[in-house]
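Order of writing sets the chain letters: A, B and C. Residues in each chain are counted from 1.
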Amino acid sequence: MIDLDGLHALVGVLRDRGFCVVGPMRREGAIVYEEIESADELPAGWTEVQEAATYRLERRTDEARFGYPVGPHSWKRYLLPARVRLWQARRRDGGAPEIVEEALPERPFALLGVRPCDLHAIAVQDRIFLEGAYVDRDYAGRREGAFLVAVNCGTPGGTCFCASMGTGPRAESGYDLALTELLEGGHRFLAEAGSERGVEVLADLIGTEVTQADVDAALRVTHDAVEHMGRVLESFDLRDLLARNVNHPRFADAAERCLTCGNCTLVCPTCFCTSVDDVNVLEDGGAERWRRWDSCYSVDYSNIHGGAIRPSSRARYRQWLTHKFGTWVDQFGTSGCVGCGRCITWCPVGIDVTEELTAIRAADGEVDHANA
Amino acid sequence: MQTLDQIVAESPVFAGLEPAQLELIAGCAHNVAFDSGARLFREGEAADTFYLVRRGRIALSAHVPGRGDVTVETIEPGEVLGWSWLFPPYTWHFDARAVEDAGVVAFDGACLRGKCDADHALGYELLSRFAQVAIDRLQQTRTLLLDVYGNGHDN
Amino acid sequence: MATATTTDTPSRGAIIPEPYRVVARAPETADTWTLLLEPLGMSIIPEPGQFNMLYAFGVGEVPISTSAGPEPGGELVHTIRAVGPVTQALCAARPGDVIGVRGPFGTTWPLEEARGGDLVIVAGGIGLAPVRPAVYHALAHRDDYASVTLLVGARTPADLLFVRELEDWRGRFDIDVGVTVDSAVGDWHGRVGVVPRLIPGAAFDPASTTALVVGPEIMMTFTARALLERGIASDKIYVSMERNMRCGVGHCGHCQLGPVLICRDGPVFRYDEMQQLMEVREL
């Protein structure tokens, strides 16, 4: 068990060990993930109120450091950055250009405050970038050195449904340290190590022995969280449901609301689509390749010679929903959704995936004849 | 070497007709040979004949000013050439010429038309068969309109 | 936890382009060229059906199938149609120019599985390029197959690829070649009509035939229909699918077609696995 001083010490220990500590802080009306230098920067006493198309911060009656679910940022901001140079190429006279791969960040990341849903999201992206036939060097470099401090959820949000997706509110594995914030009987944190490195870091902190009462209190926190999920989703057979409803009328229905703005793909912690830009560097005749986030909602995402395969917003909404919950399983062996609810919160028109999927299930087998 | 009776009887386009009908049709047929390059008919001419290609290849084309003769379809051995003889205004819609030395069976369409007017049972049989030929050619033409190999399209 | 390995050595050939020098450049049609490339570094050796990502320095990358090989000296042969900035830049490359190559990626034509039976290859337009390696293979291992049939379609006679090779093959006794064009002007004595029309009259035994079909998606659908009508089973027909491709290694998400990634699970697919997907609009 550690107290608030221990939490401060944790940040210090991680920084001393050379990590760039990234954690939650309050900025521009949201709780976002930025580099922090001390635990003072955590959003003490703040919570998020989230609903479809709604996000605002509110003061809590206590000084919880992690009293909110998740904000618009996810950890892909650091593991799969929105824009990163992959390599530079310099022409050499008459020969092959010399290609220099981009250096990895100098300091490895310590991610402080990783929600269980986001832990699963990281694992989902690991599957794509580390466990396929090819390893993404940039992702691997950032990922391998990263130190993950998970924080179990005590305050689920109005759009959360991790319990339905089996991804929370309690972290089971995949972390170096996991904290559960307890506010009764003193402001303390139950800290569990999940790896060798976690054990080492824990050893550097001053704390007290964990009692059975502490364990029970921690379990109560996450147990209560299950009861207060904002959304519920029947998720056991979504892959098959979507595979047999590829021409369901609900997609056209959603398309009447969907702006194809792509917000959902930006905030989703598992959305991973990227594109590459090859650019000339005029000054020295070289070239660079940059990788940037892309979204299946943009019309030219599906361009082949001859035009876009998915010009309609109906087709693009269908692509995102059926990929996230259905074909992701075929392609990568897991679901793409971790139930974090961000897409519901940040959709400007409040499209709710749990509602869409429930509607598809309720009319299983219906065919949109006009568009099929 | 097959007789005209045999050729007519074995031709898919006449399959299912009664022996008397087949005999009547064969009676309107005769063999014709065309040298490579020879013209069978021109667009606009009276369509009083139809053909069964036996040997060689016939090209259907239209003359497009600035482009020359554009071939829109070729008719191969075993295929029927000509349905305009059975549908008003009974004129050819394209030019036809042999692109290789060709042997065809030519049928007197004008005569058969008269027979169809008199015998509606025969008329129905021939009309349905040649409508099918026209349909097959239409479907192919529609597929060609898709211009599948083209350079990218306005949607 | 993930078993990541930080690669200090670049991911050569797959993630970082390998340099290849243009040895020769031959025009095929008004907008299509074949490049012969020699490796300056590592050799990349695609099997029939596979593709490489070709990089025009500072312009971009496109996926292009191999149109020959595997070549003994590691050379690459790619036939490219100039339809956008990258392909235009590649088609403008002159002997001595250096381009980048990543690969080989994707699945191969089922030439092993087709052994012992008839092989039918149907190619439309630029589709003859990715399937030419299969023709080469079949002719080089002629005893592995019973009859070999090649059916080719193009927009006009001027758009036919590899015309001299087609004429050579037509003259051989161990391969049947049928060619048709959508329309023709002037001195064309060949067939005019759609490719599926070549199928009813082709000499192959449907029960023992494996068919390889490449071309625009509609052409593949119509052709597959005609092959099914002749009695070939849908799991013996193979198609080559295409979607927007950015990375070639299964990391960028673009080339999805329903449950598959074309760069990883294709581009060669069995038709029975593709048929229902191809029937869904805007998938």
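The rule is simple: contacts are C-beta pairs under 8 Å (C-beta built on N, C-alpha and C of every residue); 3 or more make two chains touch, one makes a residue touch a chain.
Predicted, not measured: the structure shown is a model, and the values here were computed from it.
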- Result of counting contacting C-beta pairs for B-C and A-C, higher pair: A-C
- Task: Return the chain label for which the distance between chain Cα mean and whole-protein Cα mean is smallest.
- Result: C
- Message: As a quick test, compute the distance in whole Å between the mean CA positions of chain A and chain B.
- Response: 67
- Query: If you average the CA atoms of chain A and of chain C, how far apart do the two points sit, in angstrom?
  - Reply: 39
- Between chain C and chain B, distance of the C-alpha-averaged centres to the nearest whole Å: 37
- Item | Per-residue overlap in chain B, given as positions that touch at least 2 other chains | 152
- Note on the structure: For chain C, residue numbers touching 2 or more other chains are 83
- Message: Please output the residue numbers of chain A that touch at least 2 other chains, ranges allowed.
- Response: 305, 311
- Message: Which residues of chain B touch chain C once you look at their complex with the stated criterion?
- Response: 57, 59-60, 67-74, 76, 78, 99-100, 140, 143-144, 146-152
- Query: Once bound in the complex, which stretches of chain C touch chain B?
  - Reply: 31, 83, 124-126, 153-155, 159, 182-186, 188-194, 197, 201, 215-216, 218-219, 222
- Note on the structure: Seen from chain A, its contact residues with chain C in the complex are 87, 89, 91, 94-97, 99, 101, 104, 123, 126, 128-137, 140-141, 143-145, 174, 195, 243, 246-247, 272-276, 278-281, 286-287, 294, 296, 301-305, 309-312, 314-315, 319, 323, 326-327, 330-331, 371-372
- State the interface residues of chain C toward chain A in the complex, per the touch definition above. 1-7, 10-11, 14-17, 19, 21, 40-41, 55, 57-61, 81, 83-84, 96, 98, 100, 242-244, 246-247, 249-254, 256, 258-261, 264, 280-283
